[in-house]
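Two complexes follow with chain A in common, the first pairing it with chain B and the second with chain C.
Showing the complex of A and B:
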């Protein structure tokens, strides 16, 4: 059976990347002030590729993905910059126009499968709903498509499951249903926002493998958002590390792991438990908390928590600079693995202090 | 098996509720100042009244009267007839069976309340959805203020106003009165439905519905605002589902449990509780009957009315429980496990 795919709603520009985000800002007006949740993010994603976005809770990953898709509520949200999808500018489009993209050309999988399916609607209805809305097919055909989708996400007895309610399925099953819903209209771009965080470890790999298989089959691009570098390590073509609403380091996956420049990335990497460590070894953690996004610090946003921070880091905000390998970019005055960085770290360790502690004294 | 046990438990609850209700109404009715015999023969002698009281069984001790009313066979009693035998007693003054009176007045009230609820919900549901969707905006505030204005308007004021302006001055609708509708023949085959029925119902229905719109709307609005924050709503949005469909197909059902509960309680309350509206519009429903029975100290009549209303109240709550199951499939399992 051939799977119908939603027609592109606007004329694609030949040769343009699938997704091109330029200087995207997303601020929220709150009673406490303006929260700079996403602060000047640029990224590009080609068809069929996977971009990993990694960062702690509150680093702006989720807001970034929803802002790119245009899913944030209008009131209280201030968006700036440009989002081009298939060469078409999305920032200026109304929610009504965006509905032709949502579910059809770009789709999203959410973190918590227990709450992202409607509890009072049968699974089948939730899948066929977007098929019927976006594709010009009748009910029988939509149901047939839904059965095939459920089968392709490896749900046993798909015909019977269509008539089930979400609460009758396990967490892993529900996330598969969510994937089926997202894939229903054959989107070109899939946002997966922490798709495995709420799942049992044994199920995590299965769900990620399933997504990878579907990606190959459909030549779909994926933005995989996670707080776990381990999740994206083997799956993303490129990884962007976010901190305080910005990209602090971005590189092809292998480069990020071998030529880490940003101390935050290094700290994230060393917080992954490794098999070769003896058991009961203490996990490396990053001291402190992400900065307040209403009044972020003046210099490098990570400086207050950075082991090699120098006085300059507290005053001057480091720009995103290119690394040696094409596509590698980072923000740091004293990059890891360079003489300046090693020197800064050695100086701090010798003094038994950091820029913050030193400056405050 | 689980379902059978559930039903059995419900019937046990029903029996307990009815026993308590009858006991309390029986006691409270007798605490009313006044005396039925005196109301029936206001100018007679004390002997005449005592004879009447004996006839009506009012001379017997309190508990014995109660047991007789329930129809529990006691050794000395001669031919017990009471609630257990399906006998609701007779009206003291006219000796009419109370059951006959209920057959005439109950359908009147049921129709009035059903119409009022339909009108109230038909207004409150779209308004509740709208104000939840536009929460905090000018639309939200305008709708809320208007609705609360109507809520603050007392029933009897609105009833008199409508009756005077639309009935007496404009003469568009009758000021008061009643014609049988679709439900009356089911209770009393002597009555035939009249096309005039709806004309007589318009004003009382508006009076009853107006105050409820604000309450229902607010209940739905707050539940709906909570539902709209749910992940599954964002998910539906990300599927490209239009707003109208998100609101009415995704969000409304899981938001309507509180509304359903309150609307159910209201139906039960209003069937016998729309006294003011029924009296002003001259509608011969349960409310009017109860008011008259209280004034005339018709103990048995009053007790039986309240008994029937309590029965209906409990019954409606069964129906509401059943509707929960229809609205939220998760409850189906929880209830079956209980």
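Showing the complex of A and C:
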């Protein structure tokens, strides 16, 4: 069955990438000061590709996705920079104008499938709601479409499930319903914000496979946000690592893993327990905590926790510099795997300390 | 994989905790139906050992941990802890075992009272049991906070002023302060970031060495369980599938479900493409009407007639490796779960 797709609301610019974010900043005014949640992020995403955004809690990855979609409350939020979707500038659009994009052209899946579905509305209604809003179809057709969507996300007995409420489904099934809701109008861009963090590993694999299958079928771009590098390793075309509201390293997936330059990326990778390691292996950890985003440290934001930090790192903020491979960028004065980086690490290890003595908590 | 049996149990004299034929059922309203949360599970733990219990949501791993604590008491079965039969204890006698048998929960923030200071939270066990005088209690609290990496100078703060990882450290401090022998950790790192998870896992190993602890470590992530455990028990729908040392479990899983759990773990290596044929399809069946025979047979590509009629017993397949399956995998054998059902 052919799925009707919402009409583009503005003329697409030929040749433009699907999503082009330039120097996006998102700050929140709080009683404690300005929180720099997203601080100058630029990225592009082509149709049909997957971008993984990885970072710890508080690194700004969720705010970034909300800010791109324009989902943040107006009050107290200061946004700057540019977000172009299909060649159309979104930053200047009001929430009312954004309604033509939400659900129809760009959609989002959230972490907790229980709280992102309406508990007092039947599954069927939640799916047909956006279909009826965006597409000019009658009720019967919308219901038929909903059944097909549930079938495509592999929910057994879809006709019967339409009449169920969210609490009657398991966590994995609920997340499938959320995916069906997000896919309902055939969006060109899907944000998945920790879509499998609340799910079991076996269900996680099912849901990620399902998203990949739907992406191939629909030629949809996906932004996959997660704190687990393992989740994006086999799924993303490109990965951006975020720290303190900025992208600190961005590269095609295989390059990020094989030619890691940023010490933070390396530290994240080595903190994952690996199956092939014998049990009781000591895990590598990152000392300390992410910086305070109201008054971030001068210089490199990661320096206080970095094993190879040097005095320069505490004073000068490293810019995002290109690596050898096209598309590889990182922020570091003493990158991993380079003579300068190895030298810095060796110096610190010999001295038994980093640039900030006692910076490790 | 629905499995029962006690072939994997060791010398009762040597074990700190020995659970036999544990059954936990919950009634479902007034329907007369019951949820078969744990059905005939046996386990034992030697002193100083870490037992990992792993399985999907609804496999009964948390219920098993709670039933050991008698929260609630199991329907049948025995729980012998340090020579005491816990299922026979009631009221004050049961309460008296609490300082020696502690628990750590999944959500570190909601398991701490938001209105009390960290010092009060950690000291409460000592206050209740009247251990030492006030100065000795405060010194003990300072000592354990120091040990878990919380600055005692911050003990006057309340839980919301700490991050999730720090709250989990406080939970660990609260658990060790009464000097228990056994701590049951129920998904202690599931709510944490990968980097914080590594810190907490290392901390648990340190605490184990420092205070001579024995741990039950419950989690759904086999990679995490493998890292901390001396012995791993895989559960499915209230039954034991496989019991083995973590390294042999990883090297040669004997139960098809163990193989499925291993295959589902995302590998942080872009060279390894996720293999959809090795991902387990379908959903866990209802524990109100579990399948006959082996409870895993409805999702198992190897299931045959016999699996529906006869429940497999735990038996040994290799040194220290026990499996409850009629058709276990040979070492090195892989299993294809085929095109995804459901």
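Keep this in mind: the second predicted complex is superposed on the first by the 357 of 361 C-alpha atoms of A that agree within 3 Å, B and C clash if a C-alpha of one lies under 4 Å from a C-alpha of the other, contacts with A are read in each partner's own complex, and residues count from 1 in each chain.
In the analysis below, a residue touches a chain if its C-beta (ideal position, glycine included) is under 8 Å from a C-beta of that chain, and two chains touch if they have at least 3 such contacts.
These numbers were taken from a predicted model, which means no experiment stands behind them.
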Which superposed partner A:119 touches (first chain B, second chain C, both, neither): first
Touching partner for A:229 - first (chain B), second (chain C), both, neither: second
Superposition-derived comparison: chain B or chain C, residues of chain A touched: C
Contacts of A:71 with chain B and chain C, given as first, second, both or neither: first
Partner chain in contact with A:99 - chain B first, chain C second, else both or neither: first
Which superposed partner A:294 touches (first chain B, second chain C, both, neither): neither
First, second, both or neither for A:133, with chain B first and chain C second: first
Contacting residues of chain B [partner chain A, same complex]: 136, 230-232, 234-243, 249-250, 253-254, 327-330, 333
Interfacial residue positions of chain A with respect to chain C in the complex: 56-57, 154, 156, 170-173, 200-206, 208-209, 212, 227-231, 233-235, 253-254, 256-257, 267-269, 271-286, 289, 361
In the complex, chain C residues that touch chain A: 56-57, 149, 163-164, 193-199, 201-202, 205, 220-224, 226-230, 245-247, 250, 260-274, 276, 279-281, 283-284, 340, 342
Contacting residues of chain A [partner chain B, same complex]: 66, 69, 71, 75, 95, 99-104, 107-108, 110, 112, 115-121, 129-130, 133-134, 165, 167, 178, 181, 184
